[in-house]
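What follows is a set of structures to go through.
Below, subunit A partners subunit B and then partners subunit C, in two separate complexes.
Up next is the complex of A and B:
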């Protein structure tokens, strides 16, 4: 009797459990996402809510004047957008590379046997758990041209005779942003990779050793192939995070000097919230959203393939 | 010494040298933040720089909490109230997540949900979505709703990036609990809701701790949304206040470091305290997809 009731209302019960989250997601994600998309096709005037409006539950949601593709067309002919695009590509590429290499390097060292392993793993969580605002100002303390500890160290060691201004030139500032963000994010990649390494059967290593494989050969033929899935995950997640990075730019460079650390996400943020041009701003941010959608599709395809392979 | 032992010794030395380097890389900057926060600015400006501070002081902290008056005390006076705001927002979002996100995670782990593939994809996309693209919409919607400069507005906005994670982590966690547990509860006469609430939830502590701590951390650390939406004095959270101090050139770095350290400490302690569960929960949630 109980078993029959279980079958009958299963879908209904499951739907009820999911309903609150879907209402919430629709309300705080899907609807705002659609509204932002609309704004990217509109001439948004924040002071005067002109044009038609959406009347919803007694609320008046302004729709402004529809201008078609105007915001996007202006954007595509704006050299600043393409410059930012190029910088974003560099930023994402360098960030993904650094995160993967440093994340994997730390994981390989931490996977060795040594005294104090749990402590080292805890340390991994420190950079990752900090607010990016704190991460930014903490690196100011290390890199500043007047009181930076790294400058102090180099000066003391006799390697420089004047403190370096790391954020003064655009290219150097961009690389500082990459590395600081990597400091914050690579530990999480390390955690994922360590979890992956722990699930590699020890027999594989024993077999490799019996065949006379040294450390690097074991890494090349046993460890890395087994970590393929997680490395892919790290690549996708760090690519998305690279595209979206905003808070560190705010704290460290504000997109400057000039526009030399202006990425697409910063350009969109600045256009929308410093110049209060919501139309062009949302258009810029939507080009970013499309990238994320594409990456999600890619990620899901690979994940599903992996899941099917596991089930087979 | 035989060559095998020598080689072993050499490899041990390399491992420990690398470990020391990694440890310095991971905690050095954070420790330096603490050092600067208990130093006088004049000692930070000295050349050569002393890595062990010649004078230790709590003055910076006194300024931050408003015990000692100084020229930028108006800025510093915002810190404690904004910390309270951060606490309220982060706690509220965590509660919402644990209540509604957990039940959804349970449904995904156990049942055939309508539109399962599509809705899971939507959640995954939400997880990867730039939150900043939603802010213009929040800005206008909250203005219409009168939620601008309110903590309620922030709680709603923060649910957008925390809920997908909670559902994901809890789904992965519930999948590790054997279904026999629910089934035997049903046989014993529980209805499905009772089975979930009285039998499954009580053994889900680690998953709940993982997603709760992670949600709290994300909200405590969030900066951009609070910076844009809550601009009125006294309505914002801690990160925008600290970023605002950082942007003012007339405030000594040592004072900013003290406020930064205060902002960092709760998140760091939370994560270190619950690290076992968080690492398990997050890796399972990420790897299992």
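Up next is the complex of A and C:
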């Protein structure tokens, strides 16, 4: 008797192995993404979920009324959206710049040998590990015009004769948000850049030194080019984080005074969760996704153009 | 051992059954209810848990309580209702009640036993505000509050001001003097915070105190036709320009944060929700103006201020209506004849309720006496004014989007007539 063996090709076997993970990811990532994208083209009222629906694992998922591009067209003609866009661009630009510069600076310091370096490296992670609501409350405690520790310190040190109101105008409040968020996020950039620096071969530095390069020349011609990939990652991550930042606005300013700290993410949150307009709310937030994608492509082009040219 | 016969078995079970029936008749109140879910936003959740424990023990309830953070409370409840979850009894803020009612999330209480008696006991204004647009009662009161004017007595005395301001002109005059004499950097602290409990309720309050209307009978914004609103806004511009108000109040994110500024004793006048006076004048561990150094005075002008009523509501899909109604009466009424929950809120937090008879209770009088002149507070409540506009579907969006317009007016970014026209235009655009 001959036994016929059923043999799977390597490709099929691999596909079978990743199938459970693919299904899980589809369920928790792809489906919500697709559904929220659909919502941005629909008239959504969670409390009136009648009409056509999808049945998924026993759950009824309403499809709501399709309204085409209406949600997008309305927001693009809303001056508040474009005002928020301008503030978002400022916020993201300032945040990415501060995070990258401060992150790089801290990484350069922590890359050097000095007493207490392991402790400093551990302490560095504390701001990043805190929840952003906690970060917001902490900074409220520091910056408050009546109870703030910073005002108390400056006053007692004789450096000010009256307490400073850090959030009194929209522009200063926006800059406070940038700085507080940078304080929270720069340690992560430092961590990435530090890891990148440690992987640069020491021989490159030795060769540069032998050629007479000083500290700044080594930084310019060895460290930064070698960190190009990591810098790209830092820029992309901080850009995305900057666009999506919401929690600190919630805790520190709620978009005020006026609308002067209202960014696109805050506007989207307000529209969806305060006005219960989930269609326009998701449309606003999807425009953020588009901006993030465009900037990522731009970073990629700018940062790797020279490298590609050299390789060619 | 004596064997169990059919006769003895029937006798024993018959006796047990009879005693069970009798026991239920005599001690009906301790009969276990069906399990019900109760949800509220986070405000003293331990206190609420204590109420629920009292209810479960005293009334045989099986109530499961869940506290949800305030900021996300209403969206969370809607999302969970969307997912098929049923909370039998729920807190509901006044400006969400109509939305929940009109969309079938909560039910009318008009057909439930004993409701007419409860309605008779309520202040008519609050009763009106608890009704849906169709005139049916949509909730029982959780608490009611209104805006009051508070002053810092030691500061006024220090400046030689013998009595608190009785008019807006006097208040501005006092503030200018306090600033000029360097007694206070920012003597006036209006509740201009950016949250829905701040700028716009304060806007309505000051409009009402000028004898003006903000909405017409059809709930349309008519502020551009009301000279009283313009007067109030011109005064706001004046106090801002003269730097009588701490500019940071515009970025405070809650009325709670705003009232904490007054704890410092560095301000002379403050307008905010009535219950905040309890911490200002009644908590020496927090406030420099306790005990009773901060006092309430009647609101200037007509004395009318904005009043609202938040509520307990019953889910339209509850399968345990009798038990849900019993819990709702315990929370928002007088189930056992002792006003238990309503009384506790008064005693613990100074949260008022719309049942005037409760304020004759000696325990309440003694408690309020520690932080406020109760008679004056009740007099202010007689001047409380409710609106019906929050029952309109556009209200919550208007309420949020109006804040930047009013903030711009305050800071002189737009003129008063222009700003008031923008408010009208905003409301029309949302209809």
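Methods note: the second predicted complex is superposed on the first by the 267 of 312 C-alpha atoms of A that agree within 3 Å, B and C clash if a C-alpha of one lies under 4 Å from a C-alpha of the other, contacts with A are read in each partner's own complex, and residues count from 1 in each chain.
As a convention for this text, a contact is a pair of C-beta atoms (placed from the backbone, for glycine too) under 8 Å apart; a residue touches a chain by one contact, two chains touch by 3 or more.
Just so it is clear, the model here is predicted, and its values are computed rather than measured.
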Touched partner set for A:288, first subunit B, second subunit C, both or neither: first
Which superposed partner A:224 touches (first subunit B, second subunit C, both, neither): neither
Which superposed partner A:298 touches (first subunit B, second subunit C, both, neither): neither
Which superposed partner A:73 touches (first subunit B, second subunit C, both, neither): neither
Touched partner set for A:196, first subunit B, second subunit C, both or neither: first
First, second, both or neither for A:18, with subunit B first and subunit C second: first
Which superposed partner A:187 touches (first subunit B, second subunit C, both, neither): first
If touched residues of subunit A are counted for subunit B and for subunit C, the larger one: B
Partner chain in contact with A:251 - subunit B first, subunit C second, else both or neither: both
First (subunit B), second (subunit C), both or neither touched by A:101: neither
Residues of subunit A at both interfaces, subunit B in one complex, subunit C in the other: 46, 59-60, 146-147, 250-251, 273
In the complex with subunit B, residue positions of subunit A that touch it: 2-3, 6, 9-11, 13-15, 17-18, 20-22, 24-25, 27-33, 35-36, 39, 44, 46, 59-62, 106, 109-110, 112, 114, 120-134, 136-142, 144, 146-147, 149, 151-153, 155-156, 183, 187-188, 191-192, 195-196, 229-230, 233, 237, 240, 243-244, 246-247, 250-251, 265, 268-269, 272-273, 278, 281-282, 285-286, 288-289, 292-293, 295-296, 299-300, 303, 306-307
Subunit B residues touching subunit A - in the complex, by the definition given at the top: 15-16, 18-19, 22-23, 25-27, 29-30, 32-33, 36, 41, 44-45, 47-49, 51, 96, 99-101, 103-104, 106-108, 110-114, 119, 121-126, 128-141, 144-145, 156-157, 159-160, 163-164, 167, 186-187, 189, 192-193, 196, 217, 220-224, 227-228, 239-240, 242-243, 246, 253, 256-257, 260, 263-264, 267-268, 270-272, 275, 278-279, 282-283, 286-287, 289
Contact footprint of subunit A on subunit C as seen in their complex: 71-72, 75, 78-79, 81-84, 99-100, 103-105, 185, 194-195, 246-248, 250-251, 253, 260-261, 264, 266, 396-397, 400, 403-404, 407-408, 411, 413
Interfacial residue positions of subunit A with respect to subunit C in the complex: 45-49, 59-60, 145-147, 162, 165-169, 173, 250-259, 261, 270, 273-277
